[in-house]
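Chains here go by letter, A, B, C, D, E and F, matching the order in which they are written, and residues are numbered from 1 within each.
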Amino acid sequence: MKKIEAIIREDKLNDVKDALYKVGIIGMNVVEVRGHGRDGGIELVGRTGTYRIDLLPKIQINIVLSDHNVQRTVDTICEAAHTGSTGDGIIFVYPVDDVVRIRTGERGQSALQYPNDIDVRKTKA
Amino acid sequence: MQNEINTGDTAWILVSTALVLLMTPALAFFYGGMVRKKNILSTLNLSFVMMALISVQWVLFGYSIAFGPSIGGLLGGPSYLGFNGVGTAPNADYAATIPHMAFAAYQMMFAVITPALISGAFVERVRFKAYVIFSLLWATLVYDPVAHWVWGVGGILRNMGALDFAGGAVVHITAGFSALAFALAIRKRRGYGNGGVFEPHNIPFTVLGAGLLWAGWFGFNGGSALGANGLAVTALVNTNSAAAAAGLVWMLLSWRDNKPSVLGIVTGAVVGLVAITPAAGFVTPLSALIIGALASPVSYYAIKLRQKVGLDESLDVMACHGTGGTFGALATGIFATKMVNEAGADGLLYGNPAQFVTQLLSVVIVAVFSFVVTFALAKLLNRTIGIAVSEREEEVGLDISEHGERAYA
Amino acid sequence: MQNEINTGDTAWILVSTALVLLMTPALAFFYGGMVRKKNILSTLNLSFVMMALISVQWVLFGYSIAFGPSIGGLLGGPSYLGFNGVGTAPNADYAATIPHMAFAAYQMMFAVITPALISGAFVERVRFKAYVIFSLLWATLVYDPVAHWVWGVGGILRNMGALDFAGGAVVHITAGFSALAFALAIRKRRGYGNGGVFEPHNIPFTVLGAGLLWAGWFGFNGGSALGANGLAVTALVNTNSAAAAAGLVWMLLSWRDNKPSVLGIVTGAVVGLVAITPAAGFVTPLSALIIGALASPVSYYAIKLRQKVGLDESLDVMACHGTGGTFGALATGIFATKMVNEAGADGLLYGNPAQFVTQLLSVVIVAVFSFVVTFALAKLLNRTIGIAVSEREEEVGLDISEHGERAYA
Amino acid sequence: MQNEINTGDTAWILVSTALVLLMTPALAFFYGGMVRKKNILSTLNLSFVMMALISVQWVLFGYSIAFGPSIGGLLGGPSYLGFNGVGTAPNADYAATIPHMAFAAYQMMFAVITPALISGAFVERVRFKAYVIFSLLWATLVYDPVAHWVWGVGGILRNMGALDFAGGAVVHITAGFSALAFALAIRKRRGYGNGGVFEPHNIPFTVLGAGLLWAGWFGFNGGSALGANGLAVTALVNTNSAAAAAGLVWMLLSWRDNKPSVLGIVTGAVVGLVAITPAAGFVTPLSALIIGALASPVSYYAIKLRQKVGLDESLDVMACHGTGGTFGALATGIFATKMVNEAGADGLLYGNPAQFVTQLLSVVIVAVFSFVVTFALAKLLNRTIGIAVSEREEEVGLDISEHGERAYA
Amino acid sequence: MKKIEAIIREDKLNDVKDALYKVGIIGMNVVEVRGHGRDGGIELVGRTGTYRIDLLPKIQINIVLSDHNVQRTVDTICEAAHTGSTGDGIIFVYPVDDVVRIRTGERGQSALQYPNDIDVRKTKA
Amino acid sequence: MKKIEAIIREDKLNDVKDALYKVGIIGMNVVEVRGHGRDGGIELVGRTGTYRIDLLPKIQINIVLSDHNVQRTVDTICEAAHTGSTGDGIIFVYPVDDVVRIRTGERGQSALQYPNDIDVRKTKA
C-alpha cells in the first residue's frame, strides 16, 4: 500500500476531487497548508504599495491506496490539477505499512475498499 | 430666559455622546484587523481600556483641567473636580441649551478616544503596564491642557482666533504627533524593515471599524454644534462628503499604483473624516468634497514616506491623523466662510489670509507641544519600567505574554 | 411661523441619517457572511464603496435630479446641483420643521444603500470597474428618477396617489428587479448548479449585519416621518413587529422543511423589514404583524423557485427585496388606514379597493422600468468592458484578483 | 396642556429604543465569543430569536400584562391587548411628553433582552425547542408580572417604595436568579468539571459585544428618564462612570491573580453597567464610580465561588447579572439622594436606612419568585420534551445538530 | 519506529487523547483535516432547503512511536474512537527512518521517550 | 528521497524558513498543528482564574529532499528552532518512494530541484 500526498492549488480541489471520484478513488482527506516551491509568492496590496507573502495557501490531499492504483491516481491528479503555470504543485508517494478501519476493524487492503472504487470493480470483473 | 434646557438639543447631544463613545470600540476593530492574530486582543484592549481609564480620570479631574475656569489661558481651575458643580443646569459659556453635565459627558468621549488613537503607533510590542501609565499621564499633561487652549473660555489658542470645530488640533494633531514621538522612542517590531511580514490578520474587522467610525463621526462633528440645529446638519453633511471624496480618491491612488485596495478605501474614508474635523462647521459641502479629495494624497504619500524612512509607526497614526488633522486645520484657514457659520471666520479664499496664518500657528504650537511632552514621557517610562516587551514576548504575541489569553480557539 | 426649525424633529432626522448610513456597512456584513472566504473583501466593498461614490454623486447632482423642482413629473430640475440652495432653512415642500439640508442628507443615505443592495445579485464574479460605472449610471438613471416619481412634489406616481412610506418601491423594488435583470445579463459563478458548493463562510457576520440592519431600519422607516412624532413611533413599532413576525415564520418554515435555520431566521427578519417599508406609516401594529408573517413565505418560496430555475442571482436580492417590496407595496393597498395616518389613504380592507389598484400600477411601472434600464446597462457594459471577471480570476477569488488583498492571515 | 408631545423627548426615546434593541445582538456576540466554535450560531440565535419571539408576545399581550391598568397590584389588565388603545397620545401615568406607543416600544426592548440574558446559563447544550417554549412562558409568567410590580402604577413593589431606575430588579435580578435555577435543572456540559476544556472561540466577538452593550446601555439607563432632560444626562454619566470603574477594578483583580485579562476587563465593564442600572437616576457620579468599583469584586468572587461549587452556569449570568443587579439594588438603598432626583428617595448614607430595607425586601421577593417559577418551568419542560440535547448531539455541536448549519467554512 | 496517523471524528479527540495518555502515549500532534470515505457527507440547511458538504471535518492525530507500541496504540485508538456508525475513521501506519528532538539533540528511540510513557516504564521494570 | 517533518514553535517559523533558504532548501510546505509532548500545555486567563490548554499550537514543516541533504537540513532546523526550553519540538524523517511535479511532469530527484538549491549548486560545481 502507498500513500499519495498531492499539494495542489486551492481552487483545483473540486476539479481534482471530482476527477478522482470518477476513477473510483473515494477515500481521501484534505488539509490546508501553505507552501513554497518554485513559485515565488504573491504581492498583496496594503494601504499604500504592496508586500510579499512567500508561503502561499495550498491544498494537500492525502490518499492511501493499493500499489496498483498509484500510477492511475497520480496521472489523474496531474491532469486535473495542471494549469501549466508556476505553483501547480507536487505529488509525493510514500510506503505504508498498515491500515485499520476504526468502525469495522478491517485491516490492510480490505480496509481501503469502497463500494464503487477501482479495486472492488476489479474484483467483480 | 435663554438658559433653559432645550430637549431637542439635549437629545442630539446625548445621542452624539453615545455615537462618539462607540467610536472607541470601532477604532479597536479598525486597528485590530491590521495586526497579526497573536496580538489582536492586545490591540483591541489598547483602545477599549481607555473607555475605563480615561472616563474615571475625566470625572475625577480631567474635565476640570480642560474646562474649569481658566488660569491664565493655560489650564482650567479645580472647580469641577469630581464633577462637582457640573449639574443639570446649562453652562452658558459652553452650551446654553443643554445640561452642563451633557456637555461634560460629550467632551469626555473625545478625551477617551484620543489616547486610543495613539496606540496605533506601538501595537504588537508595547508593554501594557507602561501604556496604562503613559495614557493616564498623557491625558492629563497633553490632552486636557490642549483642549483648554483651543476650546476653553480664555484659552490661549481660542483667544488667538484659531478655529477647530470638532478637534482637528485637540484630537488628531495631538494624537498624530504623539504617535510619531512615541514611535521614535520605542524599538521597532522584530523583523520590521528586515524581511518581517506584517500581514493584517482580519481586514473585515478593519472594514467593520471603519463603518462604525463613519457613523460615529456624525456625532463627533455633528454633535460639536452642541444642538440639533442647522450647524449640526451642515457639519454632518460636510463630514459625509469629505469621507466619501477621500475614500474615492484613495481608491484611485491605489488603483493607479496597483489595484483598488479595500483597506485603502476604508483608510481613505477615515482620513477624510479626520481632515474635515476642524472644518466641519465652517465650510460648504463643496469645499468639504475638495478637502476630502486632497486629504487622501497627503496621507497616502505621508505613509509612503514613513515607510521609506523605515520608521515603525505601525498603523500610521501620524500619516493619517497627524498629517490629516494638520491638513484639515490649514484647509479651515483656506475654505472657512462666515456664510456657513457666523461665529466662525472667513478663510484665505474668502479674502482673509490672516486666518490661515492663525491656523498655521495653532497647528505648530499644538504639534510641537504634543511631540515634546510625549517624547519625554516615553523616554522616561522606557528608562524606568520599559515601554516595549522583550523580543521573546513579542514573538509569542502580546495576547499570551501580556494578557495570558488567546483570541481564537 | 410654521417654518421654524424644531430641534426635536431635527435631532431625530440627524440620528435617522446616522442609522441609515450604518445600514450600508451592516448590509456589507449581511452579504459578506454568505460568500466564500476568498471573496469577502470584494463583497464588503461592493457595499462600502457606495458610501463614497453615491455620496459624492448625490451632493453634485443626484439630489437635484430626485428632488429639484419637477420637470413634468419625471425629473427634478438643476436647482440643487452641488447642494446649491440646499440651506439650513426648512423646505416646506418636504419637511417643514427641519433644515432642508437635513432632508437632503437623510435622503442621501437611501440613495447610497440601494445600489449596494443590488450587489448581492452578482457577488463573487463581478468586475469591480464595471460595478463602479454601473452603479454610478444606475443611481443617475434609475434611482434618482424613480425617487422623483414617487416622492418628488409633482412626481407622476405621487400624483397618482401611490403610497410608499419609506421606499418599498424606490428602494426595494428598484433594487430587486435590477438584481434580477443583472443576474440574467451576467454569467453564473463557476460550478453553479453543477456541483459547486457555495457555503457561507461566516454566518456570524450575517447575523451581525442583520442585527445592525434591524436597528438601522428604525431610522429608515421611523425617520421617514420626518419628525419625532406619533407617526415616527407608529412606523418604528410596525417595523419591529413585521421583522419579528417574519423572522418567526421563516423559522417555522425552515423547521418544517428541515431544522430551524439561523440564517433563515435572520433572513426572515430582513424580509419582514423590507415588506413593512412601504406600509410602515399607514398601518396598525397588528396589520404589521400580518404583513411580516405573510412576507416570509412569499420570499421563502421565491428563493426556492429561483433555485429551481437555476438562476444564479446569488444572494437572492430579487426574492428578498424585489418580492418583499412588491408584496409590501400591495399590502399597503390592502391594510392602509387613515386612522393611522390622515395624510395616507384607506386600503382594500378599509373599503377602498382603488388604492390597491394604484399600488399595483405603481409597482409595475417601477419594476418594469428598473428591469429594463438595468438590463440594457448591464448588456452594454458587458459588450464594452465586461461585467464578469475571467473564470481564472474567479477561481483565485476576487479579493486577490480584483483588489490584490487577502482578508484573513 | 401638559400632555402634549415634546419632540425632543420623543426623539430621545425613539433613539433609546433603537439603542436597547441593538443590545440584543450585542449580547449575542458577547456570549457567542465565549462558546466553542461548534455552538456559535446556536448561541447567537438564543439571543437573536428573542427579538422575534418576544416582540410578538409583547404586542399581542405582554405589554398589557405588564402595564395594563393594575389588577390588585399583581398584573396589568387586558386593556392593551394587541396594542389596542396604545396610541400616539401620551399616557400621563408613565410618560406625559411622549406618545404612549413610544413608551410601549421602549419597554418592549427590555422584555426582549431579559430572556436572552438567561440563555448564558445553558448554552452549548439546551434544546432549541424547549428554549423557545420556556422563554415564551417565562416572559409571560415572570418578566411581565415583575415589571408590573416594580414599574406599573399600583404595582406592589412600586407602592412599597422600592427604587429601580432602569431594571436592576426587573431585568438583571430576574435574569440572574432564573439562570441559576435553570442551571440547576439542566445537566452539565459533557466534561464540565471533568477535564473538558471550554475555551472561548472568539474573544474579539465578546469585545465587540461589550462595546455595543456599553453604548446601548446609554439608551437603557439614559432612556429610562423618559425624556431628554437633566435626569437622562445624569443617568448616562452614571452609567459610563460605573462601567469604567468596574472595568478598571476587574483588570486589577485579574492582574493580581495573574495577568490583566481582556475578557476580564470587558466583563467588568458589563458588570458595572448591570450594577448601576437600578441606581442610575438616583445617585451622583462619584457614587456611581464607587458602585462600579465595588460591583467588580462582588461578581469576580461570585464566579470563583460558582466554579468551586462546580455548577455549570456556563456564562455566569447569576454572578454577573444576578449578583450585580442585587448589589446595585442594595447600593441604591445606600447611595440614593433626592439631590439628584426629587422623585427618588434618600438612601442609608443620606440618613434614610429604611430605603435600604425596602430595597432588600424587593430584591428578595423578585429573586425568590424568579428562581421558583423558573425552576418549576425548567423541571416541567425537562419531564415533557427535555431541555438538553443528547450527549451525542452536544458532541457534534448545536449548530449542526439543532440548526443544521455550520458557522464558518 | 513507526508513525501512526489516525483520522477520527472531531468530537472524539478528547476521548482518544485521554485514552492514549492512560496507556502512556504522550507525544502526538493533531491537525484539522476534512475527509471523505464511506461517509457520504452531510446536508446543511441554507436559507431555504439544504446543500451537501462531502468533505467532513475530521481530526488527524499523528504519533511517532517504537514498533512494539504500535499494536497497543492502534487498539486503544480504535476502542476510544469507535461509535459504530459510518464516519468513524481510519488508521494508517508508516515506517519512520529517524527522529531528532530539537531541544536535546537526542536521536532515534530515545528521542521518543517521556517520563511516564510505555517505554520508560518498561525500561524501569 | 526522504521526507522531513519538523514540528517547531509557531514563532520560529520565520527563522527556520530563512535558515533553510540560506542553505538552499526552497521547497516546503507548512501546516498548523497542535501538539503535546514533554511540554505540559499552557495556562490561559479566563474571566477569573485560569484554565489549561494541553494541545499547544505548533508549526509542522514538511520537506521532501534527496537523501544526502537530510543531515544538513536536520541540523539547520535544529539550530534555527532551538531555544533550549521545553516545547522546542521534534523532527521526523520518513522514506519516500516517488515524487512527481505536476506542472512539468518531472519525476523523482529532478522534480525536487530548484534554481538555487543545494543539489543544483552541487551539480554546477
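Simple rule for what comes next: a contact is a pair of C-beta atoms (placed from the backbone, for glycine too) under 8 Å apart; a residue touches a chain by one contact, two chains touch by 3 or more.
Just so it is clear, the structure is predicted and the values come from calculations on it, not from any experiment.
Colleague: Return the chains common to the contact lists of chain D and chain F.
Modeller: B, E
Colleague: Would you kindly tell me how far, in whole Å, the mean C-alpha position of chain F lies from that of chain B?
Modeller: Here the centre of chain F sits 45 Å away from the centre of chain B.
Colleague: Using mean CA coordinates as chain centres, what's the chain B-chain E distance in Å?
Modeller: From the centre of chain B to the centre of chain E is 52 Å.
Colleague: Measure off the straight-line distance from the CA centroid of chain C to the CA centroid of chain D, and report it in whole Å.
Modeller: Taking the mean C-alpha position of each chain, the two centres sit 33 Å apart.
Colleague: Could you say which residues in chain E touch two or more other chains, in rising order?
Modeller: Where chain E meets two or more other chains at a single residue, that happens at 31, 43-45, 50, 53, 94-95.
Colleague: Can you list the residues of chain D that touch 2 or more other chains?
Modeller: 6-9, 11-12, 15, 19, 197, 199-200, 208, 228, 258-259, 261, 263, 403-406
Colleague: Which pairs of chains touch one another in this structure?
Modeller: A-B, A-C, A-E, A-F, B-C, B-D, B-F, C-D, C-E, D-E, D-F, E-F
Colleague: For the complex, which residues does chain F have touching chain E?
Modeller: 2, 6-8, 31-38, 54-55, 58, 60, 74, 77-78, 81-95
Colleague: Over in the complex, which chain F residues touch chain D? Could you list them?
Modeller: Listed in rising order, the residues of chain F that touch chain D are 43-54.
Colleague: Quick one: which bits of chain C touch chain B in the complex? Just the residue numbers, please.
Modeller: Within the complex, chain C contacts chain B at residues 5-12, 14-15, 17-19, 21-22, 24-26, 28-29, 32, 40-42, 44-45, 48-49, 51-53, 55-56, 59-60, 82-83, 87-89, 98-99, 101-102, 104-105, 108, 128, 205, 228, 399, 402-409.
Colleague: Could you please specify the touching residues of chain C with respect to chain A in the complex?
Modeller: Where chain C meets chain A, its residues are 38, 191, 195-197, 395-397, 400, 403-406.
Colleague: Spell out the part of chain B that touches chain A in their complex, as residue ranges.
Modeller: Touch list, chain B to chain A: 197-200, 253-254, 257-259, 261, 263-264, 267, 300-301, 303-304, 307, 316.
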